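Two complexes are shown next, each including chain A; its partner changes from chain B in the first to chain C in the second.
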Partner chain A sequence: MSGSLRTQVGQLAHRSILRTLRQPAQIVPSLVFPLFLLAVNAGGLKDATNLPGFPTDSYITFILAVPFIQGALFSVMNSGTDLARDIETGFLNRLALTPLRGAALLSGLLAGAFVLGVVQAIVYLSVGLLAGADLAAGVGGALVIVLLSVSITVAFGTIGLFAALRFGSGEAVQGLFPVFFVFLFLSAMALPLDLLTTDWFHTIASINPVTYLLQAFRSLLIEGWNVGDLALGFGIAAAIGTLGMLAASSALKTRLVRT
Partner chain B sequence: MSAPGTAEPRTATMSTVGRAVAWRSIHNFLTNPAFLIPSLLFPLFFFVSFAGGLAAIGEVPGFDFPSGYTAFQFVFVLLQSAAFGGVFTGFAMARDFETGFGRRYMLAASHRSGIVLGYGLAALFRAFVTWTVLTAVALIAGMDVGGSAGEIVALYALAILVNVAATMWAAGVALRVRSIQGGPLMQFPTFLILFLAPVYVPLDLLTGWIHTVASINPVTALLEAGRGFISGDPVLVGLAFAIGIALSLLFAFWARGGLRSAEAAG
Partner chain C sequence: MTETQRSGGIEVEALVREFKNGPRAVDGIDLEVAQGEIYGFLGPNGAGKSTTVLMLTTLLPPTAGTARVGGFDVVSEGPQVRATIGAALQEAALDPLLTGREHMRLQTAMHGLGKEERAARGGELLERVGLAYAADRKVGGYSGGMKRRLDLALALAHRPRILFLDEPTTGLDIQSRTALWEEVSRLAAEDGVTVFLTTQYLEEADALANRVGIIDHGHLVAEGTPAELKAEIGRPTVEAVPREEDDRERMTAVLGRFGEHAGSSPRGVAVRLDGGESQLAEVVRALDSEGIAIEHLQLHAPSLDDVFLAKTGRSLEGADEEEPDEVEAESAPA
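What follows is the complex of A and B.
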């Protein structure tokens, strides 16, 4: 990376991080909402561990994977809404007049998502462990969980950037939230894939990448080290991030041409 | 007394105001896909993911709901959609006040309670549309209904009470905050109270803190009564209707206070 590009990314990253940290409305819901659902699901579905074939006798260990994905969904909203606001207020137009590179803009804007991802991962994992969840992979596993969580959060953040650049409106970005929740709910979120007894639901969950992101977290929490599950989780995060960045870059070019 | 030969201006009654407000709100709901589609999709989405994705929970030892897990979850989603129909109407109300349309209502309506009545009627309409689609999907999905026609009517009557209570709650917030920024304040407590009830399994199978909370949560009685109706084994009927009526009245007073607050704000 050239010195100029590094400076540009650094400036935008600094702005993105400050902007995220100064908005409790972005941080608080992304911490409180997933933890509330964690508490409700862990209490309400505890008996699921009595089902033959359930992989653990601790439901909170099983369901602890979910907040990491819910938190990442919030990053779609946060990164997208911030960029949409820049578009709506004309800030992006002003940036377009500078020699700023597109790659710098997009990378810098994801810095806020990165920081939020780290905070979320540490909070979710700490609360989960305090509530009695197991962590079969030990301390090293905790670090990998944080890394995986941040990777997914940043990857989902690129989708928010794409949506903001494509639609140019914060309202449109907010409208994506329920769409992404569909992916979460139609996955092996509450029960393992093998215990999804409804055929069509099992089929959808089998092809839903969120199932395998959850499985990557669960492998560390329940089994220990499962290289295959981890590779799949990181691979899916990388694929989403790459596709999101390509789509966002293309949308940025289109938007700047329009401008 | 009016002067001879001068016609007394006609004053709109509360029901006239209510019908006019309801008509506009229903028109907006039916003609704007951004309002219509989430209202229909959210409950269907919850129903599909709970009834489909958690079907195995019906095989947990001690779970003996006679009509099966689809019917068990249908009742929760029905009551949830009733509550959120009211909350979404509160959003519309807040938006109207934020854009200044609500103030025009306040100036034009001779009976301002009719404004709340109108939004309430619109909320019920929204709920009926959602319930029609939800019920059709549930029946197509093979939901087993063990209750009699009267019991099913009672189930929907309970849902109407939930809708009225939620609408009055949301109206009270909307009239006080008068901005869509009050949305989370309408939505989050509703979400909270619904999910702190026995959503996934019956109360008897809950343990720990969630059992304690669910035992004192009024929504639990509504859910258990609703599930009793659909399976043809009514339980807690009197308590559930008493709670439904009490919540509706309580939040109607809350909404009336909101109306006074909006009037005072001018």
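What follows is the complex of A and C.
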């Protein structure tokens, strides 16, 4: 990375992190809402552990994977809304008048998502463990959970950037939020894939990447170390991030029409 | 290469910008701005001022024509143009969550200034625009005038030779406006910075600009120094109000001997004096000899609004139109 690119990434990342930390309205809902749903699900669905073949007798251990994905969904909205606001206010034009490089802009903007991802992962995991969840993979597993959570948060953040650059409006970005929640509900969120007996639901959940992201977390929480599940989880996060970055880079070229 | 190009001015030839399903926002304008000159680009909302600025600052490709800024072509040498110019565009594009100092740090870093120079330059510019006291406050709490001054400081971060200011004082109170005028004048006079300033305020163009271009419906309808433009339409207007309402018709006839009628107040009569202001005494004598008592008599020197009226048939006040939305339309040139 050249010096100027490094400086640009660093400065834009610094701004993104400051913006994130200075907007409690971005941080608080992304922490409270998933934890609230965790409490509701853990209380209401605990009898699911009695189903034959359920992988653990602790439902909170099973459902603890969900807040990490819900938190990452907030990253779509937060990173996208921030960029959309820059477009709407003309701040992007200000940056466009500098020797700004597209890669620096996108990478810098994801820094806020990275920090939020770290905070979210630590909070969700800590609350889950305090509430009685197991962590079969131990301390090392906790670190991998944080790493996986951050990877997914950043990957989803690229989708927010793409939406902001493509549509140029915060409202359009926020409109994506319920769409992404549908993906979560159509996954093996509440039950393991094997126990989803409704054919159409099983089919959709089995091709829904969110199912395998959840499974990567669950493997660490319930089983210990399952390299296959982890590789699939990190691989899907990397694929989403790569595709999101490519799409965002393409949209940036259209958005930044400077000569 | 012309003298203007070499010296860091602006040269525009037959510049056009068309938007999809819309009119030509800019329709073949030609203009030249010399180094160190303050050029006032005057026109109502929607006349094409901002579209022109976006093209000259490389943020919007022209549909046709050429423009060279600081000697560089805006289409083929965009990065060189951007390195040469500073710009404060129509809205003060600031991040309400960052402080003034953080804005300066970001802007100077993006322009590639070294780490130590960044802090020094940022502090110097904040001091210069009178914001040092608020440097560590979030911009969300700044007043409109403070935001505009910060915007100007940011535009100057990399010591540009040419400065574009798009309606820099719109919405500001008179003190903030005057402070900004002083700073812009100083930049041109002391630092030799070329300033391209769009405005819809006549007094701003009159007070600041060495030369003024008047744009309407995308066309440059007049250009010259404020004095030249006023002299071109030249004649002052005299307006008289008769003491007796019944004398208004006779007064109209008497004043009609001195020039063509112009717009007046409901009770008054106004004419543009063919012979200039020296005819005023003659007008008074003529009215007196006809026995018409005068309640009120006023001589109006020509203003830029008169110039605008003469060139477009409309007063600048209330001549606003909706300009095509560049952001929406920029990716879809016609």
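Criterion: the second predicted complex is superposed on the first by the 257 of 259 C-alpha atoms of A that agree within 3 Å, B and C clash if a C-alpha of one lies under 4 Å from a C-alpha of the other, contacts with A are read in each partner's own complex, and residues count from 1 in each chain.
The rule we apply is simple: a contact is a pair of C-beta atoms (placed from the backbone, for glycine too) under 8 Å apart; a residue touches a chain by one contact, two chains touch by 3 or more.
Note that the coordinates shown come from a computational prediction; the quantities given were computed from them, not determined experimentally.
Participant: Since both structures carry chain A, what do chain B and chain C do when superposed there: clash or fit?
Facilitator: Chain B and chain C fit side by side in the superposed model.
Participant: For A:T198, using the defined touch cut-off, is the partner it touches chain B, chain C, both, or neither? Pick first, second, both or neither.
Facilitator: The first partner, chain B, only.
Participant: According to the stated criteria, A:Q8 is in contact with first (chain B), second (chain C), both, or neither; which is it?
Facilitator: After superposition on chain A, A:Q8 lies in contact with chain C alone.
Participant: Once the shared chain is lined up, is A:L51 touching chain B (first), chain C (second), both, or neither of them?
Facilitator: first
Participant: In the superposed arrangement, does A:I87 touch chain B (first), chain C (second), both or neither?
Facilitator: A:I87 sits against chain C, while chain B stays out of touch.
Participant: Quick one: is A:G168 in contact with chain B, with chain C, with both, or with neither? Answer first, second, both or neither.
Facilitator: second
Participant: Should A:T98 be classified as contacting the first partner (chain B), the second (chain C), both, or neither?
Facilitator: second
Participant: What does the superposition give for the shortest Cα distance from chain B to chain C, in Å?
Facilitator: When the complexes share the chain A frame, the smallest chain B-chain C C-alpha distance is 18 Å.
Participant: Quick one: in the complex, what on chain A touches chain B?
Facilitator: Touching chain B: residues 29, 36-37, 39-41, 43-48, 50-51, 175, 178, 181-182, 185-186, 189-191, 195-198, 200-201, 205 of chain A.
Participant: Any idea which chain A residues touch chain C in the complex?
Facilitator: Counting only chain A, the residues touching chain C are 4, 7-8, 10-12, 14-15, 18-19, 22-23, 86-87, 89-91, 93-100, 168, 254-255, 257-259.
Participant: Which chain B residues qualify as touching chain A in the complex?
Facilitator: For chain B paired with chain A, touching residues are 34, 38, 41-42, 45-46, 48-49, 51-57, 59-63, 184, 192, 195-196, 198-201, 205-211.
Participant: What does chain C use to touch chain A in their complex?
Facilitator: For chain C paired with chain A, touching residues are 57-61, 74-76, 78-79, 81-83, 85-87, 89-91, 93-95, 97-98, 102, 105-107, 109-112, 138, 154, 158, 327, 330-331.
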